[in-house]
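There's a structure below that I have some questions on.
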């Protein structure tokens, strides 16, 4: 028997905000994954490890300086640099081989996660939240840090979205993703576009890791928990569609935030995965997908 | 005649199969050169080899005295070359305007950009009318115009055209020929690949005939209009 | 490739095959006497070897990269555990049941994606979702599977007065089972059916126009693989005595992919040997550096993907 | 068959199965630290010769834990096993020990009665130092009933909402809390069982916030406490509900060192059985050895439990002068010693121990840390023996 | 033998094949030509089951093929080659031919009759396309022309009666094209052949009849002589 408790307005708002904050983290992970997949066709299994690195980086800087904001910036930068090195030195020459790309990023992700486990141990680390108070929004009191996460997510969505649609860089990314060799003969340095996109995607993962650290704490395999969900989000949203990953992340966040009212959360997760499986079969390009890194 | 582009002993391959054999051609500034030959003889492959858009090749390509054989396509293009590919390769999801924008590198200032785009819209009125339409929804002929327009906005020194009249209605072909004529009066060189040799003979200074990947004939338009040569290399 | 590498290859290729095989068989038979304390580890290695082969049937031969092999392995283990622990039924009854359940599940899950030929990338993601669902399912359905507590503890029964719970006895039982099933798979792959799979992987279009129902051929490989994985899982649970979520986890899937890549995809002996070798290497490394052995395995994997994508077998064969 | 009973090999070998990864890793690490402190304390020697401590990772998984135990017994030939960490994992290892392993088995933190009372599990080899749910639930209930005297909030202590994790510990804790609440004429109005390994607790916190009861109780793992406490604080949950958890999580030393700002928030209460201020030789020694090992954390009950198990084992072996299983077990039965938890004894009937509990909360201390304010004391808590060995 | 009536295929708004009637007479070599995008490949794909027609019938030996899978149609006796050569790069020529010659429905049953010897059949086919010396060559190492022959040989190895060739001479040099021509000639009478080809010389010289497609519709079906002289055909395809 399903039992749907009456939801008061305040509860409704709280749940919706829960969904938004969860959805934003998923979105940050998924959008990076989706950019990389849409552009390069690479299933980047190391993406989850980048998230973990972002989180641990933040943790380490906080331990050293006590400053979360510094940690956020430094770790995102460092992980982006690592992404740069990875793309330039390792990945670029296997772009034509999706299977090899998948396997090598799988291996690289494994190495990063295990290295974290060796260095920090497998247990989880609590990361002190920089904003511990609650604030009043729409008549409910809500953790200010989670609101911050929602705002950052929204800002990134808007910012990256605008770059993709309005700027020349966005145009070049679109062109490279859709017809790489044509972009080349129009004078686009597609190798550079690949690098920029990979680094951007990696930075988004690191940002997600840094942002989620104070909420969920940090452990080496945290990426795996997010990456499965993120893959499924980009399938439903359409591989490579930035808009798609945003919309679907928001939906998934809300489904989880409200789903527990009728079904235990793990079953909600199972349902979300099952829905994604059906999507892969019947609408592999997703809602928004034309394999376009655009809009 | 100062050499703008010269190609020596070019061999090109797709996987294991060789498509071009020891091809050598040259092109000076202000030259209009044609490459002719039947289906599948290697004309497109030759153009692709010039900008390194091919799996594997040997031989040298020199442009303005620099050996560009190993450059990547965009580097060669940025030296002032524009390429109108055979398949047109219009971005279906981008608007006509965005397709044109894409071809202009970022060092061009906004005013110049605007001016060049407007130029294209005057040359092909039809495109002007459709400026915000998505490339994918244009008719075949319109796409061909856009492909040529996309080359013109870069104000190139060397224009590579692969079958620019293909798929165009006869009236549009006349337009295109006219535009090409106006182009070649400027300080430009043009390399045209065509099957439709008769349309191009009035336009070109020189031409090459290609047969299964080998240059088999070379000469001015008079020489190439020879019946015998046509029978031998062009009729099917 | 360096000279030394090709030297190794020459030596390896020069070794006479048959005597080598005989030595291998003798070695396997003698394990409980040679390494009395290591029978359980050897048993585990054999089982994982079989598991690796079964997964390579889909990955290496059918060309379908699945991220859910642990689902079938775990299903086999849980089926046996459930029967024995909760229903008090015979251990042996679990085997056919595990295989049947795996076949049904594999058919239900595989039918549409194989029929629709959803493509490599999508198949990877499809099975990723499937694997996650199966793991979550076994994790939360406490009433059915014991959830995180698992289903145990039990040992295999006595047969003809031999207590199979003993390490040595179970080793030989496993050896027999693995040899039989492994040989069956070898025969299958060496038959024309192996060529059919091989060809289908290289060019499915061509195969269809030669009259082959490639969906059916791939489906058969998928089913065989699932059944053998489940069988391996069933043997495994007899060894460890408990079925728990780690047997359906992504970590196990990761391990089996590592074994296959290191051993060489599209060969039977490679993944089998690599699984066995790595189980022992892992044990060794674990003793040397407990916290970090998985890191070493990860590094090894990356090395193989980049430097020796054909795996150990490719190295020996010297394929280009 | 089986690893046999240890036997009389020269040097003593102690095996430990610790959850060093997975959801119990936090507890596992503390358990391990306790063993290391114990080794230091013993000067690395039992029976005047160096002993060996072999620690295997049970990965927070029953299968991996059994495998680890099997390796220890069958390959390493250890004389006794300490661990594993959770009830769920312990149960499977107990069954293995009972059927095959047959060595003394000292469990660190397993508290479900499923492990201790179900005749399928509890056995002559197993010893428990940690309190069971049957220690915890009645003590916690009693403390809840007294809470209104200690806080000036208007709360109804007869209705509680139960929170724990969805495995042996939590499932069985729920029954016991229901039982003891009923005994005092109260009720459990609802429960939230969270899957192991869950990290974002916001939905669960919403569920708890909307529960009918004023008081929230239950037992948590360290991993869960580390998620729940900060997340609940950020949602302001302790302002709405009184959060009272058993076996120390909100007021324990480990929480105080890993979440210093979180645990002094008003509204968190706990019952506990380790008083760091206990001024005995052994406790002082334990604390100073612990601090030498890791000065960023505080000596705590979890480390204390495995520390004491190691001591007990050493004592039993030395008293009996033998490492044979039977000898160790007969020495352990009834063993009485002065522990960091106070005087303690393994009761002969069921191998459990009586513990001194107290209820309290954490307040900021004069220094920069925090300290426990004890509000109520419950000495010598031990349930009736229910497992006949 | 094989007849197509009212065959139509629409992709969204594009009518790729428009109400095509065509009949292959037993034993003839039938050419199919037309400009790029005329619908030739689409027609072949419809007949072989790769695509399902929007409307129309495809009748072969009295049975309707519409709705059957490619492999079922292939087993009925319709083989094809491809515009882009299709082969198994890692396998030897012998292995290719073995796959073609053996019973494709056998699947796992093949485990139990492993000893079946296909060698004579394999040799016979190989000789027809001059590959008898390359039986142990791995396909990817064959010259492009030989890959073409291999593609054709596989079709011959199957038990088919109708063969559809899509541009069998594409990418071949003159002497290879001549070889293809010779092979095709040798099929006359034995097989019913449909050949799609842009090499008009080749089509003209070996076809008994030619069908010309234009914009998806049949322009004419006639003898080669008449087709080449047909002014409409000249206009849309052959040019001057």
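First chain written, first letter: the chains are A, B, C, D and E, and each begins at residue 1.
One rule holds in what follows: a residue touches a chain if its C-beta (ideal position, glycine included) is under 8 Å from a C-beta of that chain, and two chains touch if they have at least 3 such contacts.
Just so we're clear, the structure is a prediction, and the values are computed from it rather than from any experiment.
With one step meaning two chains touch, work out the least steps from chain B to chain C.
Contact-graph shortest path, chain B to chain C, evaluates to 2.
Farthest chain from chain B, going by the mean of C-alpha atoms per chain?
Of all chains, D has its centre farthest from that of chain B.
Could you see whether B-E or A-D has the larger number of C-beta contact pairs?
When A-D is set beside B-E, the one with more contacts is A-D.
Approximately how many whole Å separate the CA-defined centres of chain B and chain D?
The answer is 79 Å.
At what distance in angstrom does the C-alpha mean of chain E lie from that of chain D?
76
Could you work out how far the Cα centre of chain A sits from that of chain E, in whole Å?
49
Let me have the rounded angstrom distance from the C-alpha centre of chain A over to the C-alpha centre of chain B, please.
Each chain's C-alpha centroid was found; their separation is 43 Å.
Mind pulling the chain C residues that touch 2 or more other chains?
Touching at least two other chains: 139-140, 291.
Which of line, ring, star, complete and other names the graph you get from chains that touch?
Topology of touching chains reads as other, fitting no named class.
Considering every pair of chains, which are in touch?
The set of touching chain pairs is A-B, A-C, A-D, B-E, C-D, C-E.
Enumerate the contact residues on chain C facing chain D in the complex.
So the residues of chain C in touch with chain D come to 37-38, 40-41, 139-140, 142, 147-150, 152-153, 155, 163, 165-167, 240-247, 290-291.
Chain A touches which residues of chain B in the complex?
On the chain B side, the touching residues are 51, 53, 72-75, 77-78, 83, 85, 89, 91-94, 98, 101-103, 105-106, 150, 154.
Considering the complex alone, what residue numbers of chain E touch chain C?
On the chain E side, the touching residues are 48, 69-72, 74-75, 79-80, 82, 86-91, 95-96, 98-100, 102, 104-108, 110-111, 114, 154, 158.
Could you please specify the touching residues of chain C with respect to chain A in the complex?
Residues of chain C touching chain A: 65, 112-113, 116, 118-122, 124-126, 128-130, 132-133, 136-137, 139-140, 250, 254, 257, 261, 291-292, 294-295, 297-299, 301-302, 305-306, 309.
Provide the residue numbers of chain D that touch chain C in the complex, in ascending order.
1, 20, 55, 57, 59, 61-64, 66-67, 70, 74-75, 88, 91-92, 95-96, 99-100, 166-168, 171, 195-196
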